[in-house]
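In structure tokens below, several structures.
Both of the next two complexes hold chain A, though its partner changes from chain B to chain C.
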Partner chain A sequence: MPFKRTPQKFNAAINAMTLGTGDNAVTIGGASVLPLYSFDGDIGNAPKIGVEISDLGLEGECVGMTEFYAGASTPAEMAAKAEKMPGADFVCLRLEGADPNGHNRSVEECVEIAKAVAGAISLPLVIEGCKNNEKDAELFEKIAAALEGKNVLFLSAKEENHKSVGAAVGLAYAQKVGAESSVDINLAKQLNVLLTQLGVKAENIAMNLGSAAAGYGFEYVASTMDRVKAAALGQNDAMLQMPVITPVASEAWSVKEAMVDEADFPEWGPQEDRGVRMEIATAAACLACGSDAVILKHPRSVATISAMVAALK
Partner chain B sequence: MSKFVVIGERIHCISPAIREAMAKRDPAPILKRAKQQLQAGATYLDVNIGPAESDGEELMKWAVTTIQQAFDNVPLCLDTVNRKAIEAGISVYNRSKGKPIVNSADAGERIENIDLAAANDAITIALCQKHGIPADNDERMAYCQEMLERGMMLGMEPTDLWFDPLFLVIKGMQDKQLDCLEAIKMFTDMGLNTTGGLSNVSNGMPKDIRPIMDSAMVAMAMANGLSSAIANPCDLRLMETIKSCDVIRNNVLYADSYLSI
Partner chain C sequence: MKIVFHIAGGGSIKVPAAPGQNILELARANGVDIDAPCAGTGVCGKCRVKLVSGEVDGERSRQISDEDWDAGWRLACQSTVCADAELLVPATASAFRSGMKVAAMSKEDRAVFEHELTNMYVAGIDFTAPVFTCTVNMEIPTLDDPEPDCERLLRAMNGLGYKSVSYTLDAVRELPRVLRENNFSASLICGWRGEDVLVYGVRAPGRARACGVAIDVGTTSVAALLCDVESCDVLARAGAGNSQIRYGADVINRIIASNRPGGLEMLRSAVVEDTLNPMLETLAGEAGVELRDIVRVSIAGNTTMEHLLLGVDSDPIRTEPYVPAFFDLKGLTASQIGLKVNGSAEVAIAPNVGSYVGGDISAGVLATTLWAGSDFRLFVDLGTNGELVLGNSELMMCCACSAGPAFEGGEISCGMRATDGAIEEVRINNETREPSFRVIGGVEPMGVCGSGIIDLIAELFRAGVLSANGRLRDGARVRRDEHGTARYVIAETENGEISISDVDIDNFIRAKAAIYSAIDTMLESLGMDPSIIDRVEVAGGIGSGINMDNAIAIGMFPDIERRKYGYVGNTSLTGACAVLLSREAEAKLAEVGRSMTYLELSTYPGYMDKFVAACFLPHTDASLFPSVGGENNGVS
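Right after this comes the complex of A and B.
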């Protein structure tokens, strides 16, 4: 009997979400098939890649990064270079320095940085906070106001601060809200329910389902993303049809394989190569599981993942 | 693993308000009940126009377009013994949100409603009865086979026949309840969809008892695989039970707010 290929069709789709405005706007999501299953049907918009820069500059970065950003001394100057990185679809400003337990940069200062970065680029902008819930809520409100009309995505609203972030970012200033749940599928759905009950439109929400560097519990990330896509497409669950955006750089570059010095582990080879490999492996795995966008930082990772996306779309 | 389908039963010409609205072509009372049921969580709405011998075709067309236009093409279950009226309803039906359901075919006089569903790419409820109430599950399964074969011969997907085991009233037929549950299990094991008039079981019971009995029945039936019911979605206890059972069956992903969505 000849083989008959049966495409897996769903009567549902992931929401398409546009970031930025005008000619350089970028749209993520829109798939009505499982991740990258272009042989089954419409994968919507091919996965997009964000390039992450930090308000702390290049502190502790490897040579490949310092060379790429050579001559850039401010976040705005870095952003201008980041958007020119081959493969970049959007720029992500991570406001690490705002952390009250770290540099504790003031909200006003962060707003100025965000405005300068937004002014220096034409690609869409994503703002990542410092992971302190109260500070992020304050930061996001002020930055959302300062960048009104630029259609910026904020990462992220969490269970603890979703009300203030949702109300400011999503309702008052009509920006895009990232809903962050750390590899907790029930919470992922719950946050979307809470944000929509607050009045944020489902199409203005993206999910950051959390991640882990490859080898550090990634199987939980994989099963979470699988279940989310199965519910979104197979069960037409509107509360899980938001596109998924995954910050990969911060995870991949903070594990032992990416951090330890070559002098301590000579058999592992150069540190920078290891970091890039971790970043590529994690990003590729996230895209295969269902991320509609990943956020990376190393030029080699961005180039590699961009080539992968181009080959698969 | 798909979500339980509640077919809201409250647009029924047995209700004086609805009967009058249908006679006068007054949309307001019908749309009001449609809205209540959809807000309460109904997926499909049953539209029962009675036998409507004189003006069934025109009435069904009016009801279908009136309800679908008001509620974003909500999928409907067309409920009448008047076959021409069902066909007329389907002729104006918008299927963007789901196929129409023919309510209903059986293995007896109404078996041709399967032909009607097949000819119109519709779903049909397939009542496992021929003459009166089936005596046992051998009889139910024989009717199931007969209807399934007829539908498949006409090119229907087996999943487009929703088998109704015939829920029976507890007051008077208490000893038949487990049969009905077993029939649901057998249909489910064959990969078939099931539905039925759930509130039959509590017929004749005091008003305050009925939601309790209906909820218990739906939970036991869902444990056996029941995939749909024609029921009153405005019964909060029943809907909470169905939503909880959907979670337990892994039909719907749990979230703390699952009862409010």
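Right after this comes the complex of A and C.
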């Protein structure tokens, strides 16, 4: 019997969301087929890649990173280089230094950094917080105000701080809200419901469904993303049709394979290569499962994933 | 040192104490019963006592606000003796004790009860009494006719058509005196043992009554019916808290307590000596019958309660692979168990189905006649845990979900059982957020019972005070403590405010989610959806006041037509009563127990996922609740 291909068509689509403004604006989402199933129909906007820089600079980064950013001493200078990184679609500023349990950088200082970064680039900007719920809420409110009109995405609003983040970022300053949950389809949907009940428009929400480095429980991520896409497309569930953005760099570079010194595990090979491979493997897996954008940091990872997207779209 | 306990609405007791002694233990050792459902671990905050004078040692815990601490309120379990002190034990702390009530059944309960017995009869259960009375007249013995009393009675019984007759020792002891006082006439209390007759008692002619008692031994409360078995009349009804409660609020804590040295006997005696025997005496007194006239006993309880009542090690129920000592026991007598009724009385114990689906559920299924019809029914027993049975005459599937004691007011700071002083019905004004409520017994409110909490959460959600993830929104009547936890104040009374906090609401949402996701899982495992259900029968201590609309609005029950829902009362007791009155019901119960299929939710792959989806108001998938409006919608 000859093989008969049956395309999986859906009468629903992932929301398309535009970041940034003007000519350099970037749109993610829009697919009406399963992730990268271009043979079935419209995959909407091809997955996008963000380049992550930290307000803490290049502390502890490997040679490939320090070489790429050579000469850049401020986050703004780094951002200017980041947006030129081949394959970059947007820049992501991670305000690690704001963590009250770390450098505890003040909100005002962070606002200045964010303003400087936004002024230094023409690609869209994504702001990542310090993972402290209260501080993030405060931080996002002030930065959203300072960058009003720039159409910036903030990562992220969580169940604990969704009210203040949603109200400031989504309602008061009409920026984009990232909704972060921890690898659970129901929690993801609940947060979207809460944000929309607050008045944030569904089109202005992107989901960070949570991730894990490949090999560190990624099967949970894969099944959650699968089910989110199945519900969004198959059941036309409007509360799960938000595009998915996944910060990969921070996960991939914080596991043993990416961190241990070559001197301790000579048989594993150079540390930097391992980190890049973890980042690429994780990002590729995320895209295959349904991420509409991934956030990476190493130039080699960005180049590789960019080539992969170009080949598959 | 001396500690004085002043018991609210009771007397005072002065007891000697040593420094460092725990106040809760000291109170118990001296017969002052203080309710501590968490087994004295400082978690539940129910053992509040008020320092009138002197002092006690102890840290302030979260359950006591600064204000209350300054007013002298302490948790008994967290306080120790350090000097002379006088303590007030409020009525709420010993409420479980005040619980013993002999009451005629309420009109609604009686109607439900009679309806169920009738249904069982219609379904084909023969209600021929297993015990009966008969009167015999014998020849007076002479020197020429010196036959012993027993043989003489046997001969007379043979004459009445009873072929094989045997006697209990009690009956033989009563026989000579009764016969000689009544010219060798007597009334007998007899029971059928197959074709044989066993004589339980010998009474003066016309004075015999064949009585029996049906008992539902719940984790939280115990209820009993005293019946004239022969005439099927309910003579008296009583209810009380299970005295085991001071050793823990739920079965797991009880099992843990039973594992301590002497613990098994302690728990057995708590329920038999402190709860059942006083209850039996009260019942008998009320009905004017003698305890020895009670010759048949039928007991239904969950698997753990039945084990602990019989003094059987229940620890294996708690640990994997969760294997109880028995499902079905036959041939027990009252004297073996220690019940103060006729020692030879046969005791029927409702068969268990699984470690967490016990005889209370098999008895409940018997009572609801779910086994008899072709219509598809869902039976939900909201006790200290939730148990569900789904099916009809062809298949019955059951499962237990760890909903916890929230429906009976446990693990809720303002929660209490559905007794006097409990708020059982609540409405909240949309604009002002002001509540209006009804209190059981029409007295000063002391707390909120399960049906009241369902109303409260549904109304708070509807009025927009509560968000879909169960967080209170600031505004009128919402206050925050120093940790930032919000609470909604329902009422302010002399004993402090009655309020429900974010934490309480979380606990309750988890409980309702456990019920809903269990229903969902069971339907899914059969490849069905809620529309298949012809009828939902809700049983248990949550009370007849349960508002089904609100229970659906918070996503506890599936959104199907309201007319399909009904409250069926204490079905465990009704089922036990049917067994009391009929051997055929007893046989049917054994058959029902065997034919139920037990679904273990913890090993069912999708259960956790469904549970998380249900931890939302009304549900993460709002399309499952089309008739439920969102917040601020559908307010009348």
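Just a few scattered comments:
Methods note: the second predicted complex is superposed on the first by the 312 of 313 C-alpha atoms of A that agree within 3 Å, B and C clash if a C-alpha of one lies under 4 Å from a C-alpha of the other, contacts with A are read in each partner's own complex, and residues count from 1 in each chain.
The criterion applied here is as follows: a residue touches a chain if its C-beta (ideal position, glycine included) is under 8 Å from a C-beta of that chain, and two chains touch if they have at least 3 such contacts.
Source: prediction; values computed, not measured.
After superposition on chain A, the partners chain B and chain C are seen to clash.
Within the superposed three-chain model, A:E109 lies out of touch with both chain B and chain C [touch as defined at top]. Shared-chain residue A:N186: touches chain B and chain C both.
In the superposed pair of complexes, A:G234 makes contact with chain B only, with no contact to chain C. Once the two complexes are overlaid on the shared chain, A:L194 sits against chain B and chain C alike.
Legend: residue contacts after superposition of the two complexes on their common chain; A:D40 is shown touching neither chain B nor chain C.
Comparing chain C and chain B on the residues of chain A they touch gives the larger count to B.
In the superposed model, A:D99 makes contact with neither chain B nor chain C. When the two complexes are overlaid on their common chain A, residue A:E77 makes contact with neither chain B nor chain C. Judged by the document's definition of touching, chain A residues 185-187, 189-190, 193-194, 197, 237 lie at the interface with chain B and also at the interface with chain C. Considering their complex, residues 1-3, 251-257, 260-261 of chain B touch chain A. Contact residues on chain A toward chain B in their complex (touch as defined above): 185-187, 189-190, 193-194, 197, 227, 231, 234-237, 239-240. Within the complex formed with chain C, the chain A residues making contact are 159, 184-187, 189-190, 193-194, 197, 237. Contact residues on chain C toward chain A in their complex (touch as defined above): 467-469, 609, 612-613, 615-616, 620-622, 630-631.
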